[in-house]
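Take this structure, written in structure tokens, and hold onto it; I'll ask about it next.
Chain naming follows the written order as A, B, C and D, and within any one chain the residues start at number 1.
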């Protein structure tokens, strides 16, 4: 048996907590060594110690400089991702970084360059690739059951919109929300996106429109392999978190419905009713968060390529940027055009 | 092409109307020659002529004695079935008779004897064998997909109870309602029932109890092939007509859910809702009523055995009588015991 | 009771047969008076007489000039629709015309003008509006259950591609196939389409590409009410006829799945299997063909607007033409641009 | 916050491991203090220490006598349950005991008596009451949505039969397997069982028959509240672990289907396929094992009644014994008869 990967987590917010608890409790292949957060509260301090972390600090440097730690999980605010990635690479640590690496393409490129030079692994937190439903669709495709891929359809709707002040700094719906779906689209098609065309509207909350964004969006896709596709996003589905994917091809179609909290159907005078989909992404992707970390640990342990690379993150960003240009300029936009502009 | 079967319908009540209209409009293999009902109203007269019937009469004899008619569909009141079957057989007509032939076993036996002597076909109106769902389950079994049959489960619940005055003359829930399910059980098991044990209760309407019957019943079954089974009946399922069957065996299980009027699911804040099952037996078994008549016409045209024989009707009746004895005497009752008592 | 609508059917091909049989057998509100087909075969002649048609002819004029006939159902080849519509209007007959009225916008406009002048009813054969599933979705929207409509998604895939020689004269996938979906999109959104953007590919059959068409297409839609939408078409879904619609709005989502021939699920070692969707449009829309004709008869009888007007047919055609321009010129195209060009 | 419940686990076999890991990792309200197994292997020793157990021993006495431990989880072999329950009660420990307490009614009664005298809590490991699906059905009933309960139906089939040598010492299918379903039946009906009637057959494996047992069984139930019900068991469902419950009443029906590993449907030429149900009870009831322990901890912490008491365990045993007598003597058997015999 190989030695356990020793991990330090930087950032103890919502997603950092999830990763730290998964590492400490649910993943035998890894060990939680430290947790750092520049605004660590007393409560977070106590929580971190309860998880058995050896280092609990407000200084990420304590993790970066610790000789026993060989991997860093970056969950701090987006504007620190690129810098921490570069520093972690410099310290020879393998890196799991939440998406996006940065909102600026040049900074992303710098971070990827640092990773390449250091020869460390970098995995981006596109957890949905590890979802039991979506991974199963990909298996059908890879097994040849679907034949050639013709159409990829992704439905991705949030249960409730973020506050407008968040929207204003989020980078917009394509960078903040649909980037997950661009990654899913590339994952399911098994190749890159070549062109996008965006439609968008502000139908959920006028404040989002005032913040310069749309809350309802639909993007047509063309893929390198000739397939076509579509993603639709809404910031608010009153019935919960709506996450569905369909891949249609020459031999058939594989489609994933939403996960429900239970299978009970109630038949009464008013009809037949079942539960709404799981409401929140933490429930819906609970196991996917664990599985992406296990995958990262295995990639490091066996020195294999990670399943979601820094280059994937960059490609998804190009798609999101192209979608933004398309919406603004009301024309189809190629990924090549965006890529060439940097 | 063989000549069309020329049919006279006796009885123009609810079920007679269905058969007459199906014969006149939906089944190219047959021709509606006559309709007789001893209480034929002016409205029924006009309806019958509108269907193109050559003979429209209050005298069933006009149908029985017509030389051009070669088959009779008996839909009159239950107490006339046996007599009309005997007369039809005597007149050399093939017979389609609604269930039951009679509430008295000796009269059923006399009718079957008359049919045998006359050498005509007799099919009993157990329409559910022709239902698209239940016939599909049987196909799975016959194709060997299910392997040996181990367990047969039948759910059969009406949307609303009949009036207590009807219950009083109906012969009771086993003869009136569950007899369809005994027939289905034998059809799905592919063999006879050997023993039943009944549980029953009056939970829907106390008036039904006063009329000496139960409105909720559950009967355990043993089959000749060693399989076991269960039927449950309720006189009232508020969500509509509940008709489901499952056959479980060594290689798998085939189960039919209810038919719904459409496939739409509405997802809202209160959950995900779809329609109730089709409410009434005329809607639910609409196509089965047509298909049983086509099957009857084909059995006559090709001189092949009918798919639901008079003997089937008798066997189903033994099972229903056994269930009644079991409920009354609180003990398992064999079919052999009932059969021997006549 | 009002007098029955007396109908003459022109064209006795596949769809003409369906309408004539529905009129003759399944719709009490109407009467089949005549059937004309310029290439009427002996077999068609015998079939038409068997349905009770008083006029059976190779000359459509016999229907147009018959004083007792007050409505014409036009099912002849597309290139004759406009002319027959104009003649029928001139003869004062109400008109049910199969889609499209013509492949040329000016000819469609002429036909509509003739109809307006004559003051007769004209209904176009967009049967899917009458489908039990899709009509139910519309009911949810109209009842306010969905709230404001945000996104309309239509999946529409044929079980097998037409022969390439048909494709060559069909007007292309948008006019020939997706026009049904443009009509469905407008029906479900409750308003017109303002702009389309098309993606297309030839992935099913290279011969279709040689004929100058695509066999896989995806069109983004914008609606007058601000909603957005998408339609995807494939000429070949190996699992059968795939016809699904989803309408998503501020209060919920209504989605229709495919109809299956039965509800049976087989659970075996290899998984849980159910039937493929109904394979062919005649099965899938069997009842819708009846219901659209009943609706037409009622519109005439009560002098109410038809549910699918000639103007609807023209609007759907503009959408289809816009989609074709979009595919060719690789840009979003407004309906206004197309409309202005005629 | 109350102090954490300090738990010692006795028995480190399959189910002991599950409980110990759940206690150590997934349930913040409890603390794993010790693990004892009279045959503790080196591997088990290392596993137990890895979970952070302070006491790891081959002597259960070390747990029973430890002053810091206030609750014991008994997962050792069935023949030791009663004795360990009595000793734990004597030591003043609260007790979570796997089912059954013993195969002998008098020994069960002695254990319950000891628990009563000691005034400690005793919860029996009927985990299925905590299942997300079955608990949801009960909620519907308790909320009044189902109205009066009329019929309870339970399907419970194992994916593969146990070895015949196990069957020989298991106490038979009713004590070993269906006892879970008797508990579920009482839980869903909200009252006791009054009478059972059993049908059984040996259809899966003749060796099970030679061991004196059946492998396929169906038991009719009558409940104290007048409802009726049925349980069917098979030792082998080739498609996996089949665990379904339906409760039908005056206002509607709530029914739970099986859990599937994912929601993907594949539509191909051969039909539409989805995954088999979760195969094994450890997967199917993974969360229920956690939730029953949380419930136990809360009952102790708040000094409330446990949700599955020792008396429940005794009642379920009476039902299982009655079912055995019924099968042997081919007659309905009341619970009162069995109860009176002890």
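Everything below uses one rule, namely that a contact is a pair of C-beta atoms (placed from the backbone, for glycine too) under 8 Å apart; a residue touches a chain by one contact, two chains touch by 3 or more.
Here the structure is a predicted model, which means the values were calculated and not measured.
Undergrad: Would the interface of chain A with chain B count as same or different, where same needs over half of all numbers used to appear in both copies?
TA: The interface is built from the same residue numbers on each side, given that over half of them are used by both copies.
Undergrad: With chain centres set to the mean of the C-alpha atoms, which chain is at the far end from chain A?
TA: Of all the other chains, the one whose centre lies farthest from chain A is B.
Undergrad: Using CA atoms for the superposition, what rotation angle relates chain B to chain D, in steps of 5 degrees?
TA: The superposition gives an angle of 180 degrees.
Undergrad: Using mean CA coordinates as chain centres, what's the gap between chain B and chain D in Å?
TA: 42
Undergrad: Please report how many Å separate the Cα centroid of chain A from that of chain B, as a whole number.
TA: 58
Undergrad: So what's the Cα centroid distance for chain A and chain D, whole Å?
TA: Each chain reduced to its C-alpha mean, chain A and chain D end up 40 Å apart.
Undergrad: What are the residues of chain B that contact at least two other chains?
TA: Those would be 237-239, 242, 251-253, 267-269, 275.
Undergrad: Note which residues of chain A are touching chain C in the complex, please.
TA: Those residues of chain A that touch chain C are 148, 150-151, 153, 155, 157, 197, 199-201, 203-204, 216-218, 220-222, 226-230, 232, 234, 236-239, 242, 248, 250-253, 330-332.
Undergrad: Which positions of chain B touch chain C when the two form their complex?
TA: For this pair, the touching residues of chain B are 25-26, 132-133, 136-137, 140, 145, 251-259, 261-269, 275.
Undergrad: Show which residues of chain C lie in contact with chain D when the two form their complex.
TA: That would be residues 237-240, 242, 260, 267-277 of chain C.
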